[in-house]
Amino acid sequence: MPKFEFERGKMVPVPSHSIVPERDVNSVPVLEALHLGIDFGGLKAVDDFNLTIGKTEIAGLIGPNGAGKTTVFNLLTKVYAPTRGTILLNGNDTSGKSVSQVNRMGIARTFQNIRLFNTMTVEENVKVGLHNTKAYSTLSGILRAPSYWRREAEAHEKALELLSIFDMQDLANHQAGSLPYGAQRRLEIVRALATNPSLLLLDEPAAGMNPSETAELMENIVKIRDTFNIAIMLIEHDMSLVMNICEGICVLNFGRVIAKGTAEEIQNNDAVIEAYLGKQKEE
Amino acid sequence: MTVFLQYLVNGLSMGSVYAIIALGYTMVYGIAKMLNFAHGDVIMIGAYISFCVTSYLGLPAVVSVLAAVVVCTVLGILIERLAYKPLRQAGPLAVLITAIGVSYFLQNAAQLIWGATPKNFTSIVSFQVPAFLKAYNVSAVSLVTVVACLVIMAALMWFTGKTKMGKAMRACSEDKAAAQLMGINVNRTISMTFAIGSALAAIAGVLLCSYSPVLQPTTGSMPGIKAFTAAVFGGIGSIPGAFVGGILLGIIEAMAQAYISTSLANSIVFAVLIVVLLVKPAGLFGKYVPEKV
Amino acid sequence: MPQFLKNKKTRHDFVTYGLVILAFIVVSFMQANHMIPRMIAGQLVPICAYIVMAISLNLVVGVAGDLSLGHAGFMSVGAYTGIVAAMSLAEAVPNDGIRLVIALLVGAASAALAGFIIGIPVLRLSGDYLAIVTLAFGEIIKEVVTCLIVGVDERGIHALFNLTGKLTVDDLGLTETGFAIIKGAQGAAGTETISSFFAGFLLVMVALVVVLNLVRSRTGRAILAVRDNRIAAESVGISTTKYRMIAFVVSAALAGAAGALFGNSFSQLSATKFDFNMSILILVFVVLGGLGNMRGSIVAAAVLTILPEALRQFSDYRMLVYAIVLIIVMIATNNDTLKNLISRVLPKRTSLEEEVRADA
């Protein structure tokens, strides 16, 4: 297995008191979350969440179990309506938008508990992801108009091309639900990429993977960023993955951000060590 | 004003019948999570049994009600054991079609036994109602129905809240696997629920036919569907919900018949249900649980 | 082999089309040679209508995964608007075939409209709640149609809504040349029976092509995605309400066309024909034929309509037997223990779930 090497970008401050990689300073940030919060029956599950992600940044969201990481993803993708705060996607306000609408605005995600279309094939799963990029009308579909044949052919090509990122093109005709766990996780990433996002959210992409699979995944995450020129934010418990590839890391505990910074800064942050890494060192 | 109160009394009595059926339906739905379309036909069987005992054997009304309760309880347990239990792991559609099969079976069996011509059911209660009440259309049946409904609801609240079996039922309706791990005999609990639901259906059948005396194999279908509507209305699985839902449904139906249109009464009842579900997706007393992501 | 036939699913579809055409040719031949009992010959047009109903309901229940218990309501809308269209155009369009096509289109369009209006509230719900609300709408349509009195004369179509139950055909105020088409609770009476088996066959083919092409298209994938995992479908930019609505409206339109075909094949038709039991009858076709399996729906609809007719001499027991068979089939195909037992006795038998996967 080739040794994985990744050049992390230099992080610089931006006006909203966050940091982004130096190369992204002159572009509109892909995501700006301002004072984001949600209450579940009086309990502040997430409160005063602020984050800026640069246009091509790989960011990490970490924290102990139950800290509210997945809730943040659900807020950003509008699965939950935020109680407070603003989310800007590429500078556009997403308030009042639905899950499908914010996807069309450029945010795509994977799920902690895999959510594939299990009765469909691998290729069809990716084609569902291509729904809005390879579009034709329902009537053209029923009548099999020229646009149907053209777009379907394009979608087929594109699906295989996307699957080849993870070397999965040979699995195209397999049932998605019958794939091994790791392949299902990778298929979810491909499906999300098919929607042509500018920000990709990965919820525990390495869960259930062995160390060599994880290493390969790390390479692929960076490769995806470089090929598609997009930003990626991931939730992950595998610290070697986070510390290796994330340029900016945000640490969450009890629904609040307790630290933000580079891998080195996070590793040396007292609050983080106390809340999170400290427990690991005691083991 | 008198006329309005008369309609209200009609609505309350019919609503109490719906409430009794809905109470049984809501318990069965709570635990089996299935649209039990055969429930209405158990009502019809109960009424036929009561009819046979009084008309053919000439026994007193109380005995006929007891006989109906016993037969329907056994029938309910048998239906669950033979038709629904083998499908506990199956999808909702398979269970629904099976329930419809059971419903067809009961209706056609009744037709073979008792014939398709309607029987004229004589009311099981016949005591003198004071004249001042009679002026408002209060009959012996309506008094008995309302009282029976209140007693049954109170008994069910006590049973599910205080007794061991009742708590087991609530546990099973939340999570069967967890209940089993806690040492609850899930099969027995489900049987018990069907027994209670069917016993209530028998009582409801007798009262329903005492109220509107035409008894035929399809007698139970529409009240069954409407009572389910009442249970959904109040929030399925909730005992006070089924009670309130049943009473409200009866009153809405009576008022619609009186003041809008006889031929559109069912439509108006269903329209109100639709509006309630849109405003409160889990019914009046239900708790809405969003899907976890 | 042409390029598009290389796809396994497309090939499967064309085999289905071929089988339907073959069945039509065989039945027509038998009919021409008087080989079909009169009782069943009279059922040919209704069978076609039931097949279209089953195909269209399969789109909602099997493909979109929404359990609808009020499909007969759309059939009713299509039947009565179709009858009114056909009857009122009797002079303007003397050709029966063309008039029937217009009636089918009118039936489809009105049912589609009804489907859209009903879909707005219904599709905010799911599961058993959706089922009970569709049932409610089916009953509402039945009762509303029972209140309709419609007639036509040279001044046009006249309609009354008989809310109080006191109005009669006389209240329409028709001129001497006019005649009533729908008479309230009595339903439609004196309808010219212009539906033909050939028209029924064509409608089955149209329904099949529409549904199968829809399922194999981008829209169909979106509908399946919503059924499989609603949140994941939303997360890749698919509006779940929109695609459930498309399935619901297309299904309603086909049911409306089936209703118009059905309605124009009887001289007398009351609104109570399209009740809850009719909706259930169609649902049984869909479930026994296999969810998402259009070929299965066609076979189930045809067999389950012919069989009770053929068993008429056992009239007292046939519905009882039907009920028992229904229960046994559901348990045998859905109980894991029994399924394993059957698969050991009958090797290589595709289960319902596998059919859904292969076909949907």
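In order of appearance the chains are A, B and C, and numbering begins at 1 in each one.
Note that in this section a contact is a pair of C-beta atoms (placed from the backbone, for glycine too) under 8 Å apart; a residue touches a chain by one contact, two chains touch by 3 or more.
Computed from a predicted structure; not experimentally measured.
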Q) Looking at CA centres, what chain is most distant from subunit A? A) B
Q. Once you count every C-beta pair in contact for both, which comes out on top, B-C or A-B?
A. B-C
(Q) Comparing chain centres built from Cα atoms against the global Cα centre, which chain wins on proximity? (A) C
Q.
What's the distance between the Cα centroids of subunit A and subunit C, rounded to whole Å?
A. 44
Q. When the centre of a chain is set as the mean of its C-alpha atoms, what distance in Å lies between subunit B and subunit C?
A. 32
Q.
On a C-alpha centroid basis, what's the spacing between subunit A and subunit B, in Å?
A. 51
Q) Can you list the subunit B residues in contact with two or more other chains? A) 293
Q) On subunit C, where are the residues touching two or more other chains? A) 231
Q. For subunit A, what residues touch not just one other chain but two or more?
A. 79, 111
Q.
Quick check: in the complex, which residue numbers of subunit B touch subunit C?
A. 33, 35, 83, 86-87, 89-94, 96-98, 100-105, 108-109, 112, 221, 225, 228-229, 232, 236, 260-264, 266-267, 270-271, 273-274, 277-278, 281, 291, 293
Q. Once bound in the complex, which stretches of subunit C touch subunit B?
A. 61, 67, 121, 124-125, 127-129, 131-133, 135-137, 139-140, 143-144, 146-147, 162-165, 185, 231, 276, 280, 283-284, 287-288, 291, 316-317, 319-320, 322-324, 326-327, 330-331, 333-338
Q) Within the complex, which stretch of subunit B touches subunit A? A) 293
Q. Once bound in the complex, which stretches of subunit A touch subunit C?
A. 77, 79, 98-100, 103-104, 108-109, 111, 115-120, 124, 127-129, 131-132, 134-136, 138, 140-144, 148, 151-152, 155, 175, 191-192, 194-195
**Q.** Of subunit A, residues touching subunit B in the complex
**A.** 70, 74, 79, 111
